[in-house]
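Here come two complexes built around chain A, the first alongside chain B, the second alongside chain C.
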Partner chain A sequence: MNASIIGQMAVSGALMGLVYALIAYGFQLTYATSKSINFGQGELVMVSAFFSLTLTNLGLPYWAMIPGGLLFGALMGLVVERAGVRLALEQRSEGWILLTIIIGLFFFSAAENIWGRDDRPFPTPISADPIRVLGVDITRLEISVAVGVLGIMGLIELFKRRTLLGKAFEAVSADRDAAELMGISATRTVMLSYGLSGAVAALAGILVSPITTVGPTMASALILKAFSVAVVAGLDSGFGVVLIGMFLGALESLSSFYLGSGWREAPGLVLLILALAVRPTGVFGKAVIRKV
Partner chain B sequence: MKRILLLRGAELIVFAFLATIPMLVVNPYALGLLTLLAIYGILLIGLDVTVGYLGQVNLGHVAFLGLGAYAAGLAVTRFGLGMGPALLAAMAVGLVLGGLLALPALRLDGPQFALATLSFAALSTTALNELEGVTGGAQGLSLIRPPVFGHVMTPPLFYWLCMALLAVVWMLMRNLLASQWGRAFEALRDSPIATDAMGVGTYRHKVAAFSLGSGLGGLAGGLYAFNFQYLQPQSYTYDLMIILLLGVVLGGRKSLWGAFVGASVIVLLPNLLSNRHLFQIFSGLGFAMALAAGVRGLVKKTTRPFQALAPVAAMGILVVGGLVVENTENWRKAIFALMLFSVVVGLPEGLMGFLSIFLAKLFRVPHAPLPEPSDLGTVLPSRAADGTPLLILDDLKRHFGGVKAVDGISMTIRSGAIHGLIGPNGSGKSTLVNVISGLYPPTSGRVQLRGSTLPSGSLFRVAQAGVARTFQNLQLFGELTAIENIMVALKGVYRSPLPLVLLGLGRPEERRAQSDALALLDLIGLKDQARTKAKDLTYGAQRFLEIARALARKPDLLILDEPAAGLAHPDVIQQIEIIRRVHQRGISIILIEHHMDVVSELCDTVTVLDGGRIIAEGTPEEVKRHPKVVEAYLGQPIQPELSGDASPLPA
Partner chain C sequence: MLKQTAFGTLVLAALGLHAGDTVKIALTGPYSGGSAPMGTSTRDGSKLAIAEINAAGGIQVGAKRMKIEIIERDDEAKNERGALIAQELAAMGDLSGVIGTVNTGVCMAGDKHLQEQGITKIICPAAGSASMTQWANKPDKPGVKENSIFRFAAYDGIQAAMVVEEAINRKFKKVAVVFDSTNYGVSGRDDMLDQIKKQGNKLEVVAQEKFNIGDKDMTAQLLRAKSVGAEAILIWAIGPELAAVSNGAAKIGMKSSLIGGWTLSMSNYIDNAGKNGNGTLMPQTFIEEPITPKAKAFIDGFHKAYKVDRMPSAVAAAQGYDAVYIFAAAVKQAGSTDTHKIKEALEDLKEPVKGVIATWNHPYTKWDPADVATHEAFRREQVVMGMVQDGRVVFGNESDKARLIKEATGLTPAKAKTKAKAKTK
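Moving on, here comes the complex of A and B:
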């Protein structure tokens, strides 16, 4: 086995892994404020990608399409929050798990009927020609994924640290009840987190679609990996998802090479179950002390 | 008696009717649907164990259906086994793999549990697909039904087999879920911490429940294989899982009838969807129901506006969709989604939950009368209060990072004493009892009960060793009734092994447990509210019930963590009286309390903590005048103002 091929596969895998990391980051955003995540996030990625494709087909240039796609994702995120999460949170129940699954299913079915069941190419002005970096071929497209993922994560982290609204976000994450007593509306902050999470999902869709094509089935393919990344890294670990995302991406690409493409998802799933068993708070997560 | 007759009668009539169907109807299509109904019935009863009783979203059940189906299929095609052994193998695969999955999933709940099961399901689909040498991969696996005792399994015979198995599963599960096991499953859902602290053990019950449910999934899978006689990995995916969840939730959780109703819905759904006209009628009916329920809820103000309106909106979309869309089959997932959404939001108890309230009103069936309470002397035998050392703490420490919550405490609790533990907020009282009762392992130091070292870091094993506790923030099993809360914790009554319980031979024990529990309810003055759900009791009554539940452990040492916190004055007086009665039975008590009058009234000895250390010990009067205690509560004598309390730890 040629070492350069292994390196090549690991690098492309790791760059794909950044997309999983971005979706996992979307889980973290909502988990921070509400201890809930959208189990239909994969469908959100998929419908946003389809919507962006429609915008492109309507003649919108690539760079003008992106804000439109993000806005759509944010709106859908708000729909999920309103229809699936808010009531359950008010009742302090875990009904949101089932409800977000259900909403995802609805999105899936709608996409299937509106845009069809086939995979479609997603046009992009960014070239897919490889550049050689340190003996490994990388395409500009893959670099755009990395830049987009790290860029939006950096922006959101800056927003959380530097703006008043962002600090409200952090306050609700730290202690929801105390934040409410300080006059911060937890409900609005949760809405904000779902909106951001939806926008992040949309960006993930826009970034990954030129590489993988768009189709209804992309939802389930992406979500399992994003779950793995989020759980293995820890749902409250900030940039831990980036490292774990790249690691899992590389692992997946190598295992699909050695074990056959049918097995590509297996390592991530095994890692997920192992992480849950050994360290439910994730590799980078904080241990929680049980209180009574 | 009337209640039992009605319930059993209804079951008997339904099963008798179902058994005669093959003689009345010859339509093979209808018979096929009914066979499927029986199979889904078993499958959903299994799923209900985790979704209903454990209250967890289980996304892996469909994998056990698939694995069971393949186990049975391979048993027949590869090993030439008969149908009976193949079904047993299918069930065993479910039981074993379910148990294995439960081990890592043990510490998890909520989203993490859902994720663990989801990944397991995805993994098993991958395995079935890729292990082509064994399963035939995407090509599928064909099999034929082997004859049973020389009889060729014709469709009616196979139908009878499935129905018979459903009836057996139904009976066994009814016995199990009505027993201590079923209660433990529910207790686990409401408060895992209290389940451990009451010596019931979350560990074994969670594994047992999950493994049992998965075993039923495997059995259903075996039948599924023999029903279709062709297996494909793609049959057992997420889509089917959603439909199964729809069945359980729509039918009604925690109910065998609910599983049956859910199975009927699942079986009929494809027919409903393929006929546009029929679909329009049913969606109209659904809309009318949602509207009626929503308006009723809004007028009576029993539901929130969202809860009333969202199902109406969802059903409205369904109606409009039914009129607009040409081919409803294409939209089946959206239709499932809308139906599930309406049910989860608007009818969380499911059809059977809704119906059972209605039926109970219609027939006015009273509960079976409770037996006479046992003599308190047999439930809680008096024990010698001889003042010998009972619990000895030796230089006990518990640090959280840099915070020394408990920092070297040595003390002795004497047998028969009420030993008070006081101190300002953050002085380490709660951490200390959490270490003693096993919630936290100590950083260093030893705890000895009657001379033997107490297990550390396990609520369950400390509870088994004879220490019972209550919780400052109530940890009752909210969905269980007052009497059931006590029965769950009751020590030394339940002895029947699982097989006898399954066969329904645990009833005498159950009566005895009820009597004993009633005696304890009598002790706290709640005998009249035995059948009230714990969450519906008044706050004071909930505090009393916590004590009664702890007493069901027949403990040597009872730890009361702020039993009077938040109580109104009359309730405080009753609480003092209850504690005094408990004390009279010779039970030693550690009492953490903020009410100084309660402490003065009850305690023989008081230990005062501050900053994780003991600052004073003595009778309540001595302690009150101790200069260090005055200082700890009121601040330095030179600074007369009250010191603000900004300690980072829970009191």
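Moving on, here comes the complex of A and C:
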């Protein structure tokens, strides 16, 4: 096969992979502060996308719709935190696993009832016409995905490093008990992380919907891959998820080209098993010494 | 409209008319859920026809004129609901017939109850081949001797033949056959490959590509097809994935035409593909263009009655409409509301029935378990090629349009136009 086809497959795969990375980043945000993950993150992506579609249908222009969608995602993130995570964490139980799955199922049913089961197009002013770069067709839509993903991740990382609130975030991530002794409210910080995580999920939904359409099941495929990315990269490396996300995306699309579309997911899953066997903390993860 | 009919039924009931004074027809289909656009369009088309017949005084049954009474059941595209509804209908006793059903599975689950009681049913508007072949001879067991199940739909065999024919007519040489991995997709591929052979191997199949339900990214399949120089994509799948193919092709700058089954006219393809859907071709039994007075009256009537400016599924609506007129003609000929007599009349309709799709001349014949076509109304000539253009389905070939106008009015389009102009003056 000629090089331009390989290039094409790798590039469009890697760009889709950035969406996996963004959802995986949402996992990381909450894991950092509370060592918990929202297993209903995919449904958060989906309801936020539907909500943004509704805003668009109400006549809001694209650029005004985005903050609305992000705000909705953040609110939903807070709902998940309040209803599914906080009590479990206070009781030091693992109840959040089941609770976040259940809240996700609830979002799913709600979406089916409010917006219906059909897949719907998501209008966007960004053109889907291809531009040719070095023999590879890329659409502006795909570029917007890359810009959006890297942009919001950069902003959140800056916020964590440069602002007082962000420093509190980092402090709670590093040592919850010590941070509390210093007067930082861990509960508030966990809330913040769920809010951010929800906003990130909403952006992922807004970015990917014009390409994949919006429907209640839109996130089921995305979420599994995002999870693989998070695990393979490690749950505390933002830089890692971007790299692994792009790698996994490219690997997927190349394998669907060479092995047939039925084998699309296979290499990613093999990678996941390997990572868990060889490096359970993730390729970019820090090994934690657990004091017993 | 819906309310009016329901109200009408109530009034009839209140007046104390006993069952013998109406012709009871059951309309069934998926009126909610994913297949709803087809189900509701069929129902609404049927109701429009029934309202027209009732407004004209009803059907002449023997010495009396009888109005049609509607029994409506939503099967939700669920097989088990379909079976329950069929059992209920089969037990009614005074039911004249059933019109409806979109999903093959629902037919398979329910129709046996109707067939056992000999209740006449016209399957409309869709349902895969299996819904009829289940009654026909099979290698291991003979088919049924008497069959009360009829079908009113352009079955997959006709459609596949037309798709291949269209690709040949458009002078394509190399084609890619693309399909989804469901039963529907795979049998569609088999039908198309079969037809390519039958029509003299004029098309070279350079690629066969498959995808799964729910796939959004078709780049790999399309790039393979593009790299071997496919000029057209012959496709068998359903709405959302079809749209993903069109959008993917546009992305990699692939200009090949998409030609495939009638699902390409469903709103979830047209809306999701947007401008990338333009030029897509698919067999249609009815195009929502007012080219004949009959079609115009039907389209206007439908738009007005249901307050829409586009039928959710024009094909389904027109088929629902014509099925009622064919059924009514059978009732008239039988001179009875007895479903068994109506079945016999249907198998030998003497008078042509003027429908919106075509004039139906003896659409069905006596059931022969060796030949399903005896209970299939559609032939090649009642199906035309439709094309997607800016969110609507229009005629794909001007020749089809001209032929239909000629058949309806006995005039060529040019003359029809001048006549229409003269009228407006």
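Quick note on the criterion: the second predicted complex is superposed on the first by the 292 of 292 C-alpha atoms of A that agree within 3 Å, B and C clash if a C-alpha of one lies under 4 Å from a C-alpha of the other, contacts with A are read in each partner's own complex, and residues count from 1 in each chain.
Keep this in mind: a residue touches a chain if its C-beta (ideal position, glycine included) is under 8 Å from a C-beta of that chain, and two chains touch if they have at least 3 such contacts.
Note that this is a predicted model, so its numbers are computed, not measured.
K.L.:
Since both structures carry chain A, what do chain B and chain C do when superposed there: clash or fit?
P.N.:
Fit: chain B and chain C sit side by side once superposed on chain A.
K.L.:
Taking the superposition as given, does A:262 touch the first partner, chain B, the second, chain C, both, or neither?
P.N.:
both
K.L.:
Name the contact category of A:87: first (chain B only), second (chain C only), both, or neither.
P.N.:
Only chain B; A:87 stays clear of chain C.
K.L.:
One more residue to check, A:272. First (chain B), second (chain C), both or neither?
P.N.:
In the superposition, A:272 contacts chain B only.
K.L.:
Quick check on the superposed pair: does A:139 touch chain B, chain C, both, or neither? Answer first, second, both or neither.
P.N.:
A:139: touches chain C, not chain B.
K.L.:
May I ask you to decide whether A:206 touches chain B, chain C, both, or neither, giving the answer as first, second, both or neither?
P.N.:
After superposition on chain A, A:206 lies in contact with neither partner.
K.L.:
Looking at the overlay, does A:76 come into contact with chain B only (first), chain C only (second), both, or neither?
P.N.:
So A:76 meets neither chain B nor chain C here.
K.L.:
Should A:172 be classified as contacting the first partner (chain B), the second (chain C), both, or neither?
P.N.:
After superposing on A, A:172 lies clear of both chain B and chain C.
K.L.:
Who does A:97 touch here: chain B (first), chain C (second), both, or neither?
P.N.:
A:97: touches chain B, not chain C.
K.L.:
Please name the chain, chain B or chain C, that touches the greater number of residues in chain A.
P.N.:
B
K.L.:
How far apart, in whole Å, are the nearest Cα atoms of chain B and chain C in the superposition?
P.N.:
Least C-alpha distance: 6 Å.
K.L.:
Overlap the chain B and chain C contact sets on chain A and report the shared residues.
P.N.:
220, 260, 262
K.L.:
Please name which positions on chain A make contact with chain C in the complex.
P.N.:
Contact set of chain A toward chain C: 1-2, 5, 8-9, 12, 16, 117-121, 128-130, 137, 139, 211-213, 215, 217, 220-221, 253, 256-257, 260-262, 264.
K.L.:
What does chain A use to touch chain B in their complex?
P.N.:
36-37, 39, 83, 86-87, 90, 94-95, 97-99, 101-103, 105-106, 108-110, 112-113, 220, 224, 227-228, 231, 260, 262-263, 265-266, 269-270, 272-274, 276-278, 280, 289-292
K.L.:
Would you tell me which residues of chain C are touching chain A in their complex?
P.N.:
Touch list, chain C to chain A: 33-34, 181, 209-212, 214-217, 219-221, 223-224, 227, 239-240, 243-244, 247, 250-253, 268, 271-272, 274, 276.
K.L.:
In their shared complex, at which residues does chain B touch chain A?
P.N.:
55, 57, 101, 103-105, 107-108, 110-112, 114-116, 118-120, 122-123, 126, 129-130, 193, 238, 242, 245, 249, 304, 306-307, 310, 330-338, 340-341, 344-345, 348, 400, 430, 434, 439-440, 471-473, 475, 561, 650
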